[in-house]
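Here come two complexes built around chain A, the first alongside chain B, the second alongside chain C.
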Partner chain A sequence: MASQEILREEPSRGSFVNDPRIRSLFFQTLVVVLLFGSIWWIVQNVIDNLQRLHIASGFGFLKGRAGFDISDTPIAYTSDSTYGRAIVVGLINTIIVAAAGIITATIIGFIIGIGRLSQNWLIQKICTVYVEIFRNIPPLLVIFFWYSGVLAVLPAPRDSYHLPFGSFLNQRGFYFPRPVWGDGSWLILVALVVGIAMSWFVARRARQRQMATGQQFPVFWTSAALIVGLPLLAYVLSGFPLTFDLPKQSTFNLTGGFQVKPEFLSLYLALSCYTAAFIAEIVRAGIRGVSKGQTEAAAALGLRSGSILRLVVVPQAMRIVIPPLTSQYLNLTKNSSLAIAIGYPDLTATAGTVLNQTGQAVEGVLIMMIAYLILSLVTSAVMNVVNSRMALVER
Partner chain B sequence: MQEHDMSWVRTEMALAQPAPASVSGPVAWVRRNLIGSVGDTILTILGIVIVAWVLPQVINWAFINAQWTGPDRTVCATVAQGGIQPDGWSGACWAFVNAKFGQFMFGTYPVEERWRPILVAILFVALLVPMLMPRVPRKGLNAILLFLVLPIVSFFLLVGGIFGLPHVETSRWGGLLITLSLSFVGIAVSLPLGTVLALGRRSKMPIVKMLCVIFIEAVRGIPLITVLFFVSVMLPLFLPAGVTFDKYLRALIGVSLFAAAYMAEVVRGGLQAIPKGQYEGADSLGLGYWQKMGLIVLPQALKLVIPGIVNTFIGMFKDTSLVLIISMFDLLGIVKQNFSDANWATAQTAKSGLVFAAFVFWLFCFGMSRYSMYTERRLDTGYKR
Partner chain C sequence: MKHIAIGILGVATLGLMASAASAGTLDTVKAKGFIQCGVSTGLAGFSAPDDKGDWQGIDADFCRAVAAAVFGDGTKVKFTPLSAKERFTALQSGEVDILSRNTTWTINRDTALGLNFIGTTYYDGQGFMINAKKLPGVNSALQLSGAAVCVQSGTTTELNLADYFKANKMEYNPVVFEKLEEVNAAYDAGRCDVYTTDQSGLYGIRLTLGSPADHVVLPEIISKEPLGPAVRQGDDQWYHIVKWTYFALLDAEELGITKANVDEMKNSASPEIKRVLGQEADTKIGTDLGVSNDWVVNIVKATGNYGEMFDRNVGSGSPLKIARGINALWTKGGLQYAPPIR
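After this line comes the complex of A and B, so read on.
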């Protein structure tokens, strides 16, 4: 009887100091107390400091008149616009440069990454040199190199470089013809949309037919014809409404056309070149991560080398590539904040100006943080969708 | 007992013949690696065109046409620009780098006190080199000297104001001195801080875990510039009136916190890769939490993620260049600042200065990445496939 009672007893832990639950509770309480203590202390200090500096808190300042000019304005903006609008202009500029950079960096990165795995010794070495150079220098330096080293020493507008399609390059940037949409040009856009919709439909039907009968259909050429042909047809039918405003060279400046400023150009080129080196390494790792047996098995099934790459290697490599690729896209977006160093009015630059003018440091930094967090979350959400479509479907 | 007479069988191996010329030797190498197929040949020609177009220009610019010495801008400007070079000349202006070399290294650190950063650099190298060589004994003592004693000694040497050394404000520091000191302290702070954050993120205490997750994800979601802004603008607001922080210290806090968040994710990867049996084994030996982590888990986890840790170091080293946004002059900042020197302003100045800065950054980052590859091979204990 006595032995059973001993068994039923809780095993003795000695002192309650050694109980892991009590310890965990104690430490967490300690952390919470410390945290709230320091937050309370900081908030008190902030309130004191703001009162001393006569700065009102709150987001009311966003409605005030900005009073500063912005060089690149994708939406209507003058110095009479509000602070809020200035920040929105900055946000849109950030999105533009990040999107352009992501597309270009992906293209260059894939080319360089595949080049590093090439059988061709010379190509392989050229790509390795590219990666090793750009991976090991700061992005800010690359931006300065394009800005002060290359674009700033281009000739003056009078001696601009003439490029194909009536575009020009000089120290004030890159000029190219601007399309002018005349009456009836909406038909072209409608035709483009219809073309895209029809090619999507054709691709779906072609896949279904191949699944059912095994017969293939030249989807690529059909869609190319639809997407290019239909707008062209609409262009001709509606009586050539689309004209181009060509940049014209005068004595001191270029007039007309669309101007890409050197600030945007150097930021865009630098971000693309820099991130491409990292994407190249990711692509290389992805392709090398597909085991050689896969290639050999595909070859044994009688697939040609192009089909092996397209149907067997790339889909498997993409599974390895996409997660790190996402973080590179996020890095590029965050690195676009370096724009402030050369005066491209991105989010950090405009919000920084607003912050300096109004003294609303807390709110300004908060807006910046939230905006970048949202951009990051959106990018990773999009990439997660892509990733889940690529992910291994196990039966 | 053998059934057959085997005496006709050869008793020694035949000597290996050299491979036929079609599979070895330079001709075969060229055939295999450069002109294997039509596409390959086209690529090779393309590559040769690229190299033939780029390489002579680079060599011409950096060496043959370059100006190595000179008193001012005239040696690097063409006649039309008011210099001595023929029109159309294009070459590196190393004379500019030469003349500003002291500034690029030390910023505006007083010239007569420059022996102090040089002494710190010598001490640093003297402690770092044995630390990096695996065969040199007494690693523990070496690490203590390098990561605890050296920063304290360097602090008093560089700042001064004690032992009869004149005080030098951090606003007079600059150039490579700032780049290296920021990244060294950043590395020394972010690795332990990141490890603690990673442990916190895997902790069973929900509040600790939540705080660590919030910190890590918030910092990783925003650019370093915003963190630097935050630290340089908000920190003074957070403190009681009258308490001011040195700008250098603020940058140091920003860079360290930023790197710690990234480091935490790297270390977490290592912690997750350690099999559960290791944790359980440590528990069954009766080790406490810190003993378990310090003696069993972390040594294995950190070893696994050395490449990631070094990558973070390299990233941080490159990121120190951003302090120029909050108007501090690291190597890149001071190079950029000198573009506006009227005495040296030519078309080539910016390019030459930036190429020099790029070369210095490249040297450090490339060295770090090569050393990490070497360590990875040395410590490889068979986890990798």
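After this line comes the complex of A and C, so read on.
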């Protein structure tokens, strides 16, 4: 009898009912059994009820012909494609708007956040007003503001605003020339890659030299010249292969060129502006979190205020900023599902349409939940890697 | 948003419903004292709240007719406005007892979705509407290549649209919204050139636009849209009550029984009229169905016969002024035909 042996070895605690190890084991087992029991019961009931209501189930419907069209298709899609592909199109649209939104929100957020700490009274007040406005309005209203308040009141296609470089703005969206890559344009791409690689190399050498000798090198201007200059040179050398497809007036709309639809524009602008307000506050908190002695010490070493911010304050502030920044990125991604209100074909919209056309509600909702879960987990994972790189290396 | 909520609710309801014993819809309805009726979020002539907040329209009246058959009182109905996307989940999960929401009868919905359509209360077809002032010279749907088309998501309309443009080798930009009001607003604001939905709907929507006279409905009808109420599968009694309410409305019109003369008609010399109105000695027609024997009297008193319902909501007595056309009785060259009540 194992339990008796244990009892004999340890000082007696009386009845085994009072043994803390057995007690904790008992309650943990109980919780696990109850948890999995109720999950099993719910799943079983769903299956039973679906059968009782004669509703077809399973994921076979994803192979069926979708039959409906989608307005924004980043990958090839027609009404002959499958339901599964329609959902993938929606997922890619969600990723596009989330990625574009995250980049823009971060840039605006950093500018506003640093602006709120500015010594300049006007800049500081403008940034404060921005944060207070966007932080206190629900994101859906911000989306409606851009969609119905700004973009819908633009002129009809016939009276479009003519913008520089052959681009147009009207209530159907923003149109700009689409580059058409002719023969030999691969050379331009190669030149661009070479330019970026060389800039990276130059930056590395410059840093090594500065470490060794203290002499500085104009890295920024050199890189700019390499990245812009080399492709330009390739363009000329390969005989001007790049042409542009300009937007033109047709019976109903502008045709040709590249169209950014108002649904995407308003969602992208709204998510960027809204999330930027939160990021600004996080950045401000991060900078405030860096001890004032650091700034003073840097100033005592003779660094200018720009360099103090860039070399001393921001790197330390980043350690405070990144974890809450991750939450904001996740929020932005999830808020993109508000797209449904203005008809941008994101994951929620296309999967919702599929759900409706096929009647597979349980499967449809499950697919949406898993897709958002995976998107969020990937974002978190990437941000964790960034965070561990930024974290203080303790010796 | 909301359809996901309903989806999750549906999952939760399906998950938590006791699987073994489930009472029939008739008993449930009688126990709670009213019928929960799924309608549209607002389509003039079919189901739309009036200025007092009462639901009006042919679809709303149909639910009143069923309530009259079950309770003898056409007011015992509660309405749930549903978007096109929400409607089937709401019916499947038991949130509504009848879906009377200008819904097209298709084989997929009758089989894979677990619904039972009871008949066609309105024979419709899909059409196109354009702003003739902005697009002079367009007088056929075949001239619409390249247009931006506003359409409601999750409808057969969305599918027919894709098929029609593909079949005619034309291109279009879909502008898709979930709610009817959003589609209306986008079309009115000029976000799209063309509005497509069932033709009856187009006439109704035109009345709500800024300047109705500017808009024309193009002549092409590109699909068959038999609109009718649906119930859940697996409850034959409830299916029969709803189905025969529809037939009773048609038979009443055919026999000339109206809201005004129904009480006189009870003493009619015609044995057929007496039978339909439950005046035959020892009749069991109503009780066999699961309702009272004067169910047809109650229905006609509540809503009038099918013809009265049509005229009041979409026909000559309404702002829509849609002609009876193929929705006339079979005796008058239309398609509305009901089996006899005997």
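In the analysis below, the second predicted complex is superposed on the first by the 351 of 395 C-alpha atoms of A that agree within 3 Å, B and C clash if a C-alpha of one lies under 4 Å from a C-alpha of the other, contacts with A are read in each partner's own complex, and residues count from 1 in each chain.
In the analysis below, a contact is a pair of C-beta atoms (placed from the backbone, for glycine too) under 8 Å apart; a residue touches a chain by one contact, two chains touch by 3 or more.
From a predicted model like this one, the values you see are computed outputs, not experimental measurements.
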>> Quick one: is A:L311 in contact with chain B, with chain C, with both, or with neither? Answer first, second, both or neither.
In response: neither
>> Contacts for A:A381 in the overlay, against chain B (first) and chain C (second): which applies, first, second, both or neither?
In response: neither
>> Which partner chains sit in contact with A:L35 here, chain B, chain C, both or neither? Use first/second/both/neither.
In response: first
> Where does A:L50 make contact in the superposed view: on chain B (first), on chain C (second), on both, or on neither?
Replying inline: both
>> Contacts for A:N335 in the overlay, against chain B (first) and chain C (second): which applies, first, second, both or neither?
In response: first
> Which partner does A:A224 contact after superposing on A: first (chain B), second (chain C), both, neither?
Replying inline: neither
>> Looking at A:L189 after the superposition, I want to know if it touches chain B, chain C, both of them or none. Which is it: first, second, both, neither?
In response: neither
> Should A:A297 be classified as contacting the first partner (chain B), the second (chain C), both, or neither?
Replying inline: neither
>> After the superposition on A, what does A:T358 contact: first (chain B), second (chain C), both or neither?
In response: second
> Which chain A residues contact chain B in one complex and chain C in the other?
Replying inline: 42, 45-46, 48-50, 52, 148, 152, 337-338, 340-341, 348, 352, 355, 361-362, 364-365, 368
>> Under the stated contact criterion, what part of chain C meets chain A in this complex?
In response: 1, 3-4, 7-8, 10-11, 14-17, 19, 22, 84-85, 88-89, 92, 108-109, 111-114, 134-135, 143-144, 146-148, 153-154, 158-159, 161-163, 166, 172-178, 182, 185-186, 189-191, 193, 232-234
>> Under the definition above, what is the set of chain B residues touching chain A in their complex?
In response: 32-34, 36, 40, 43-44, 46-48, 50-51, 204-208, 211, 218, 221-226, 229-230, 233-234, 236-241, 314, 318-319, 321-322, 324-325, 332, 336, 339, 347, 350-351, 354-355, 357-358, 361-362, 365-366, 369
> Hey, which residues of chain A end up touching chain C in the complex?
Replying inline: 42-43, 45-46, 48-50, 52-56, 67-71, 78-79, 148, 152, 156, 171-172, 250-253, 255, 262, 337-338, 340-343, 345, 348-349, 352-353, 355-359, 361-362, 364-365, 368
> Can you list the residues on chain A that touch chain B in the complex?
Replying inline: 24, 27-28, 31-32, 35, 42, 45-46, 48-50, 52, 118-123, 126, 132-133, 135-141, 144-145, 148-150, 152-153, 334-335, 337-338, 340-341, 348, 352, 355, 361-362, 364-365, 368-369, 372-373, 376-377
